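Dumping the structure here so I can ask a few things about it.
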């Protein structure tokens, strides 16, 4: 017996992004330890690392690695870019935000980079083990990032809530995985797929396992009824972290979920698992949109809106197909741009982290700070799905998928809840432009980094909204690669 | 055979009873110690399942390291004397009945679906060696990534528990 | 031999006890301990299945779960310490500044 | 000339544009010159056209002058086309010349008014619209004029716009006219649907050819008559005309006596082929005409406003015209239209002169004894009164006789004809009575006004008296246009009008001819009878009012208070309309607005509130307690397991 | 000039983007820039006319290129007889709107001009679009600037009105979006071609129940936009609160998108359902005609009065469309233009005195004829046009619609004609209360007459009113072939019996 690792050719360059990000994280820790004076340079270093990681994506070779447990495919590359974009934007907002809150440090950037590694693992893992490990790496980083501002009570509270819920949910994921393992003898998705193609749909253990698994993933996605942490955590977390948290882990979890659902495709309809997904989608859309109306805190409102948006994405997952995967990918990209942007504008508000950023704070912002106001308005219009923004295109894609796979009822519910959502998104615009600010208006402070991040988001939103074709092609090609495996 | 059954039942009972003590006793120190007991009896189960390496890990890592950490924190925070106030009765009720129902449901289906699941009599090769070998062969990548995970945890623990920098006066949030 | 199901049932019961602990206890550390109990129940399940299936994979999985649990414990306890610093208590019911 | 008939309305329209845009700035002289020139040119052109037409088409077939296609969509539409035929000739001459005279009169009457140019602009616009109305070659095109005159009527009634009653009256006139137009519109819809055209000739030909079912024709006729009722103030749509007296008096003379209000009669006569094909519609016309004649005559008896008396008299006389048209005596209707234009214009202008002299006073109880103060006015007024009363040999005598005799002799519904005749005769008696009452109260007796008014009394300037004299003369001799056979036959004077108009009553197989013979016996009997009636009316009025003045009214008032107040208040018809139509509609509207809209809005906002409230409730799921969250997660797992396993 | 339509379509938007870079303090420059852009756009749109071939039914000056090829969505624009005049109406009103608010917008002038230009582009686009999704994009794009216009520059209750406006419209349009997707999907299933091009989709075969669902989804969106009773309640609020320019744009053009949608999409796409349910729309439009008129009559607020009059007038449009005969449809199109002109003018004129007195209550006016004679004359003309006086534009459309409705069902024609009577009642009531009667408020005695910019804005409208009233034939002539073709599409498709069942019959 030799200790030859199970390594396929090209393995190193294929995990180059992960390696780069991991090493950059370590470098940042070291810098923080030995060169604390160079704090200002941490964020640029992190940005450089992200850019290099993005560039290194051009070297990866599609294929299965590490004993068919790690898949690199156009889809993972696409999602890697989503994670990297989200992380990049979050870092850009954090740079000034952390300085303002006086908590900047190398650990922050290190953790966010490692979290990106975790997400990549979730996206690429073909073994539930890898997925769980990635998820855990991500979670650990999130626990810390959320509570990063140790001074702020609500930051700590958010961290606590996320930690307890996260650990609890992990328990469910693990239990579900264990049950699947027991039934199939493996946690590798390919083998699970083989197993499902001959499994009994009526087997109760399988359904139990599925529910447990979906509960755990649903927690990460913040779908109802596993969503309850989201508003509190977003509110308490440093705003750039909330921005990142509201999109990136969800995207990662979606890929993992897509893979798992893909493996389960042979029996998911017969076992009524599609119905579970549909119910989750509907519940999320309804509750997210309804409760968002009642929110005055911007971050909480965005949290509920995020719950609803995941609901929309879940629609596409009900019946899995190349189009639905592409739809989710497009939606995820769009959602990254607009939601991080929206949180980003909130993060620019000159307030302490433990004070809530309410609608009143942005009253009159549209005329006080035209660019920030306009940016937030554009994000809101995009979130509500109005043309010609990316939000429209991606929602359109979702509806199209829903209709062509015959889920008309769900689509109608989605439309109706969208109408509800328009109300609270519009309310933001109303505060931006139609309400006079209070005596001492809250200002926004933005340096070049944050401004650049806003510009990236806006340009992206309109680019996708007006010329979506290239993205469609990429997404569809990626999706075909994934679904084609079975 | 009898021995095995006896061991199983005794330690299963210990695991369950101490498990219940963990969640029922109002002193966290007692809970922690009960958990150690419960985890230890699980280690026995692992041995029954012919996984001695995991059993050893269980004792060393779990019952040993992790639980010591718990106790350490409890002591550090001086929690051994705190008596926990009662939970809201509805939460209490739903917690108990819910988990009981869950237990019954799962048990029912597991038992129903798995009656035929009799442990194979063939011996199970799960020594430290075999596990170690496969860790460095098939599971090299996850194994390496765990290092990042642990590193992140260390950094995170440091960040979270570091001494606070001077407090900026808090507005709005009530401080206890 | 002892039927695998018994181990599985034991796992299920322990898991439920863990869940129950999370739901009914106010002390954060005890809640976390309950979660550890849940995780151990899962471990038991994995190993039982691994034995049943003659598959090493379950054991490896447990190995990783232990690593995860250790990492979680480190971070989680740090969070509790921070919580205690802020509030002089680790009663999680007290941590309800953010709601609705 | 026949190829540019459009010039006739165009000229006054240009006058309107000039006065409307720069008239106010350019001064009164400019305005009057423009207006007079415009109306006079129109009159001249009309005369030339009439002569040219007679020369070109002695047989009386219409000459049509298409300008361009107005609009045409899916077979619906019409040309802008003018047509001249014997009927148009009569109408156009009456309109332009009487119009010109009244323009002339207005120069004096309106001399001191502020909105002088505006007045003449409207007047010119009216003339233009009226000319379109009488010259148009299709129902749809004359509808332009039809509405146009309505608009001018509205504007001119509301000329004193800062008086609320004037503005109200104008609006009322327009709205009531619109109700009539509703009928006109529907009639046109029916034509488009069932005939496929609204061209006069084509409609007549199709109907005459039997291409349309009888019921449709009757419906068209009745609807057209509804339009006519509105424009010509027949029951039940007459209510606007008395109020319309709020406008300047020359306007009342021109629009509300001589020309516009007769448009309904013109329309009926123009559609004679249709009406003749539907005798039941004619009966309706006749009955309503007769009823209106009598009804408004009774009201006129008890009015004390000089213009109101004349207004009700106009309604009554229009009733006569419709009666004539209804019994099939279309020529008589037109005849009466023409004579009425003369004497009623004269009367109105005379009353204007009186009001002018009285410094704006219109109440006859404040007048009296004006005969000597304003002699020209008196004499012309007296001649016109003589004519309207139907006393022998004046114009009204001939026209009224002819139409009453026709009623007697109608071939359409002989029995009903007698009744109609009887009603008409009574109305004629009342006409004589109230007109002489007016004459005596205004011009005889003692002056009852204030001292200032008495001091102010003066005869009107020449621009006003000249038209009066001309019109009085026409009233006197206008009857010669239609001397009946039994009188004229002897001396060789033919019935000019009947002869002239013959061509517009084509003989159509299966329906009655447009002109029918009246037996001589009937003619004599009617003539004697109505003369007698007129004499009685005159005599009674003379006895009651010549010397005693208002006393008689007061005596009546004390003897039969109910009757007098009812009459004085016009049978409370306006009040009934208000009570039965306006008030409920207002209430309904307010109900719609306040309640229905609120309910709709309420339901929709209720949906919003439900959503918001649901959101607000669901929000409390988020307790802030992490163990509740865990419970929720766990509960979700449990429920899903239970439901889906 | 191959891209004339694109120029007309994008010029305002492109200009707006350029203007956005001017400093906010350069108000006059921005205003003049906006005005020049609008005028140039109008002139450009006039150049469509000589290139537009009369007697051709098809779309002309077509521009077609792929936009999202994988979904069959294309940038496909063109004009035919139906959209030609609506495009011109929109571009005509562009300068009018800007002129009318030259002096009445005091804050955020730059944003106002930008919003108006964006609005113009969106409105023009929705009339030109020949691709269903492109249409939808413009349809929605309109909402954003209008929402801002009402909400930022509106009256005291503007927020409520703006949100109500937005929510109402969006509710309908989102459901329509779903229907659009479903329709395209069905067409794809049937033919294997994925396309959003309207003329292709005309060939889709629908099972009756599906058709009815889709029909109602579309109809709801457009009925809200029109607005049709009982979905009209947003309109009075929006109008009352909107600034003058917003009201003009809203009433004159935006509502037409609804009626246009019925004509362009609902009828030919869903002929069976349209015919089957035409009675409902007849009933609703008739109720709207009468109801709007009656409610307008009792309004104390001038703008509300005009707003409700819009409800009434647009009832005629819908009635004419559902009459589905040439007279009715052409009349309806004329009525759309006429309503744009006359109601636009009315809102403009109401805005004029609002600027001077800051009230719109009828009771606060009276006797203005004495103090502001030119204004009064213009108001009377606008009112008469709206009343439907022959010789002015309003009559042509109304008459054709009424005949069309009458031919469809005499009862409809008769009831609708009652609306004509009522129009006279409430509009003359307006005139009387505002410009006639004694002057009851001293401020009115010294009121300034109409200003140059307002006059300049209203004169083109008056000219068009007279022009159309006197010589409507050139307008009708260009509409006719397209209308005929559309109607024959409808009748041809409706003539073929609907497929009894379809592979994807019901809506799940």
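Letters A, B, C, D and E mark the chains as written, and numbering starts fresh at 1 in each.
Heads up, the rule we're going with is that a contact is a pair of C-beta atoms (placed from the backbone, for glycine too) under 8 Å apart; a residue touches a chain by one contact, two chains touch by 3 or more.
Not measured: the values here are computed from a predicted model.
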Relative to chain B, largest Cα-centroid distance belongs to chain D
Strictly by count of touching C-beta pairs, the top pair is B-C
Note, CA centroid farthest from chain C's centroid sits on chain D
Here the gap between chain B and chain E, centre to centre from mean Cα coordinates and rounded to Å, is 69
Rounded to the nearest Å, the gap separating the Cα centres of chain C and chain D is 97
In whole angstrom, the CA-centroid distance of chain B from chain C equals 5
Cα centroid separation, chain A vs chain C, in Å, comes to 26
Chain D residues touching 2+ other chains are 608, 619, 622, 624, 626-628, 630-631, 634-635, 637, 641, 645
Residue numbers in chain B touching two or more further chains are 87, 91, 94-95, 98-99, 102, 105-106, 109-110, 114, 139, 142, 146, 149, 152-153, 156, 158-160, 164, 173, 175
Going by residue number, chain A touches two or more other chains at 129, 133, 136, 140, 143-144, 147, 150, 153-154, 159-161, 164, 168, 204, 208, 231-232, 294, 423
A full list of chain pairs that touch reads A-B, A-C, A-D, A-E, B-C, B-D, C-D, D-E
Counting only contacts in the complex, chain A reaches chain D at residues 160-161, 164-165, 168-169, 172, 204, 207-208, 211-212, 214-215, 218-219, 224-226, 228-229, 231-232, 271-273, 275-276, 279, 287, 289-295, 420, 423
Interface with chain D, chain E side, in the complex: residues 167-168, 230, 233, 236, 291, 294-295, 297-299, 325-331, 367, 369-370, 373, 377, 384, 389-391, 395-396, 399-400, 402-404, 406-407, 410, 413-414, 417-418, 420-421, 424-425, 428-429, 432, 435-439, 471-473, 476, 479-480
Residue positions on chain B within touch of chain A in the complex are 105-106, 109-110, 112-114, 133, 136-142, 145-146, 148-149, 151-153, 155-156, 158-160, 162, 164-165, 167-168, 170-173, 175
Within the complex, chain C is touched by chain D residues 619-620, 622-627, 630-631, 634
Per the touch rule, the chain D residues reaching chain A in their complex are 608, 611-612, 614-616, 618-619, 621-622, 624, 626, 628-630, 632-633, 635-637, 640-641, 644-645
